[in-house]
Amino acid sequence: MHTPDPTAISGALDAIGVSAGVEEVAKLGVVCRVAPADSRSTLRAFKEGDLAFGFLVDLFGVDTGEAVDVVYHLRSFSRDEDVYVKVEHEYGANLESMWDIYPAGLMPERELAEMFGLTLSGHPNPRRLLTTDGCPPFLLKGSEIRAEDEVRHRERQVVAPENLERTVSSLEPEQSPHAAPAKMPLQEGIAAPSAVQPVDLPAGLHRAPTGVDELQTERLILSMGPQHPSTHGVLRINLEIDGEEVIGSECHIGYLHRGIEKLAETRRFTALGPLMDRGDYLASMHAELATSLATEQLLEVEVPRRANWLRVLMGELNRISSHIVWYGPNGLDAGSMGPFLYVFRDREYMLDILEDITGGRMMFNYMRPGGVLRDITPEADGKIRKFLKFFNQHIDENDEILMGNEIFQARMKDLGVFSKEGALAFGLTGGNLRASGFDFDVRRDQPYAAYPEMDFEVPVSTDGDAYARCRVRLDEMRQSARMIQQCIDGLPEGDFTAKVAKVLRPPAGETYAAVESPRGELGVHLVADGSDSPYRMRYRPPTLFALQAGEQALPGTLIADSVVLMGSLDFVLGEIDR
Amino acid sequence: MAIDKLTGENSTLFIRSEQLFDVARRKSLWYMGFGIACCAIEGLMHASGPRYDFDRMGVFFRASPRQSDVMIVAGTVNWKMAPVVKRLYDEMPEPKFVVAMGACASTGGPFREYPNVVMGVDKVVPVDVYIPGCPPRPEAVQYGFIRLMDKIKAQTEERLAHARSDSH
Amino acid sequence: MNIWLIAILRFLAALALMLVNGVVLIYMLRKVLGRLHVRLGPMDNGPWGLLQTPFDVLKLLSKEDPTPKAVDKALFWLAPAVVFVPSLMAYIALPFSNTWTIANLPLGLLFIFAVMSIIPLGILMAGWASNNKWSLLGAMRAVGAQVTYEVPMLMAALPVVMMAGSLNLGDIVNAQSGTVLWVIPNWYIWNVPAFILFFISGLIETGQTPFDMAEAESELVAGFATEYSSMRFGLLFLSEFSNTFIFAALLVTLFFGGWQLPWVPASALSAIGFLPPVLFVVKTYIVIFFLMVIRGTLPRVRVDQMLALGWKFLLPSSLAWLMVTGVLIKVSQVLAVGR
Amino acid sequence: MSRIYGTGILKSMGIAFKNFFRQPITLQYPHEKMELPERSRGAVVATFDDEGNPKCRACLACVRACPDFVLQMDLTTDPETKAKHIDEFTYEVAACMFCGLCVETCPFDALAMSNEYELSRTNTEPLQYSLLSDVAAAVPPKRDPADRPAPKPKPPAKPADSAEPQASGSESEGADGEGDSNA
């Protein structure tokens, strides 16, 4: 990851007549401050100009006490550089939507407007994303969280009936919550599944007379609600269907919004781990690692080699168990119960190993700034070798039972096809991006922990449909098994953690650390002000971008397809709603 | 039950049939998995997985609330989710039970400082069994179900004792 | 005994057979699925979980039965009966042995198909009356599938009827006795294309995986039975299992030689009175076991793929195979006469 | 298709059938219980020294370390002898997330994570219970002045501007050394 040279950027911006303060911030990179009025021209220059920062990594807000800093984190893959465009907005000001330049910002913009009390304009669907009406902008410094004695005396909380009738209204109030889903702007460009295209008739036969085609069928608005056997958590998709075919779709999220980012501002740095575990609860090891990396970058602590190897070992174990919880239910969505249970049989052994080393089955609290909590136990070493032996045999079996099955292939082939440009435009990362042909993996391109010393390939496929996503993730599981074998054989000697104080007070500063979680690039943007809890911690959820890409790809599929398509994108609602 | 119209509130036939139905109610609890967050992976998927296998105890997954007896609230309930929990609880047919699984459903757990989180699902629906843990092990969920079965038995005994005391 | 008493006794026998079958099949399904998925299945209720299904039925009896307000009351109340009774009536024609059939109908096969075609009507009533979008979709799918596959299923059964020369199921079974080339039993399974066509369209007809679109858990919450609770849902659940039993019984009768053991002459079998029915039921349960293995493994086919499979592959090939069998039989008769 | 259309389906059924004959790995929970690894984190329990009185010195480090206010201690300190008496050390088990932070920060190993997971309660039973109730807090052993370690030699005068990060300096802070509580 090289840092772009500030002079090139300020030169390009002066060329288009934008006065921008470009500076180099320690431990973060180049930050370019711009006034709100010319933020649109700046972003267009960054995207289309020769600077070619075509990828929006993240879009979030920081309340700096007197104004809201809207941060656009941009990245240029060709030159492997990152830049942060900061635009200062007054409280309650109007945030102009940039979705035509960076479509990846569709949902983050709604969340930012709602969480910081800004109004959103120029957005196709300016609705509240995570909270209901009557909720104050939570991420502003002014909004309070529950005090200690209110938390300790639970019986005092009384549920008023009107609390149960909270609706989700638009940021502009006139749109009713039960209206038909807003038309997503980018339907055509993204997905054109051939399964539903009207088949071309053989020669000699011509279509029925035109009168028949104008068959007026009544559209049905089907709410695939928060409680549905296969929405992988509490996601509500508002489908507008004509018969079995989906015409319009809109995702309602926020049913699991627990304010991880707001609570992080009151937690100590050591207590961030358990909080981040519960974000992406299937890959908690990676969330903890991202927070620890960010804190270490601020503290400038050097992590010993054995701790890095242990981090890779635990990360890869957690990657396989997370892919398993995607592969099983994805088979269940397609209707086959068998693979779900065979795959969970392997996951049981993995959770035994993880519990043996860290003490927890799913929530580990194992990775700390400076290293890891405890060393590997000898029994865990033996268990891992035993597990690897039968995992390699089982993974081929589980791969064959579903992926080799013609019915499953017929269900998954060319469903929800994302072109390389479409995937990049929507900010997809991880398996979803590599399935569309773009080879980017944080473990190899921005290496952290001990990944430079590991030898592993990154599986890439080019046809971008649901089947390719399954193929890419299955091969990733095999690569992870290879890496675990290397870690176990070559674990270096040495202590497993650096000397770090009990109560961490990193110096004031700002940094970004990214990790390749099973779902994509999981980043933590940490702003510290020298006290013992972070000033602002932004958690980049890779699956939020996958969800909005899936929302665009739904129209045109059938209901049975929509379930499998959303399953193949592998998202976790704990991380999307934070 | 129709039987008590025939034989009166406290006849032995009524009490015996009530006991029989009570055993049936305990031994076949169909749960409507209401998987909200991390507890859903542990409590619903692993508990009905190959090692812990809820099917052994007659506990079976039904997707629709109409056909389920127990609602497992597995995860954090916030203000946007509370109306959904309430509505699903009302849709379940009568002898229904609620198991609050995990710290978040019992008392708000690690997120109870956040104003958007309901501090415990018992603010929204009457809860029968609380299962502490974050997430509780699948065995802990099965132990919770055993406690639920004992509670159902105790409820029926107390109702029958009431019926018997009327008869003397 | 006068005719009415016998009729009532036979009806009660059919009802008892169906209920016992339902209970045993539900238990067997959960046990087989369990063992297939490396787990145990019901164990704690009764020895090896044998009392599990009776407890389920008793619980369903004791549950409250809410009729949602916005539901079309008459249809909602009638639908489970319209689904349950046809699968009960289909038991009448099943050939348990020469003497043990409930009614030895001369047109047994036709009667079963006629009765089985009422079930989609019941499912449509159930789905549409419960005023629930999910069940409406489930009902539409069920009707679309089952009406489409009546025709190929019948066409696939006709070659067997032609070979046996009669529609009476008992005659079909007797026609399969004896052996060919001394070793191979003279069953009609060797007419393999007819078997495959009948098997696939039968799977779709009874809503088995991989064609269980009507009650697809993962897409349409609980399919057409979403709004049904307690004993009404019990009836729907029970009739689904008895359909499986009827389909397996038809498979055994048409292709696996009914109650006959491969190398044992039919006369020796019918000597011991109760043996043929036991053999018939055992063979049906073996076929059901294989249906359950399919149920536990294969994913679900999409609706339009299934309809395309039906109209483009099953129907034309079953008609073509019907002609081919006719020609083959004619040729074999001419050869037999010639010799 | 490289293979004929139906073979994928038959192969997958073959695999399922192979699993039919594998030994089920089910653990019949109420009858057979799995013995948990030693580090497995269950309910928090207080630890006692060999004479049976608790090791806890009521320094409130754990109450401050817990991010979710699960632990609560009611103390009465005797004004002149400074001896602390623990009236009630309540532990709200239904709110605990079993993260182990309290056990790590306790300088006297007075808390430990047991392997206890059978903690379900019906709605009639309370959701919290007390770990220690009505017991005297442990008193630090009297250190006779003789064996107090020699004072550390004064570190050489540091150049004024090197703002040596405060964190790496003090790692063996005693519990009472904590400054503000972030509650």
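Letters are used for the chains, namely A, B, C and D, taken in the order the chains are written, and counting of residues starts over at 1 for each.
To be clear about the criterion, a contact is a pair of C-beta atoms (placed from the backbone, for glycine too) under 8 Å apart; a residue touches a chain by one contact, two chains touch by 3 or more.
Since the structure is predicted, the reported quantities are computational estimates derived from the model, not experimental observations.
Chain pairs A-D and A-C differ in how many C-beta pairs are in contact, and the one with more is A-D.
With centres defined as mean CA coordinates, chain B is found 34 Å away from chain A. Averaged Cα coordinates give chain A a centre that lies 47 Å from the centre of chain C.
In chain C, the positions touching at least two other chains are 34, 36-40, 43-44, 217, 221, 296-298. With touch defined as above, residues shared between interfaces to two or more other chains in chain D number as follows: 9, 12, 15-16, 19, 24-26, 28, 30, 67-68, 97-99.
Chain contacts: chain A has residues 151, 228-229, 266, 274-275, 278, 338, 341-342, 345, 348, 363, 401-402, 405, 407 touching two or more partner chains.
Because contacts link each chain to all the remaining chains, their graph is best described as complete. On the chain D side of its complex with chain A, the touching residues are 1, 5-6, 8-9, 11-12, 15-16, 18-19, 25, 36-37, 39-41, 65, 67-69, 72, 97-101, 105, 113, 163, 165-171, 173, 178, 182-183.
Of all the residues in chain A, the ones that touch chain C in their complex are 195, 220, 222, 228-230, 244, 331-338, 341-342, 345, 401-402, 405, 407-408, 410-411, 558-561, 563.
Those residues of chain C that touch chain D in the shared complex are 34-40, 43-44, 293-294, 296-298.
For chain D in complex with chain B, the touching residues are 24-30, 33-34, 43, 67-68, 92-99, 117-123, 127. On the chain C side of its complex with chain B, the touching residues are 30, 34, 37-45, 49, 51-52, 54-56, 58-59, 61-66, 217, 221-222, 225-230, 233.
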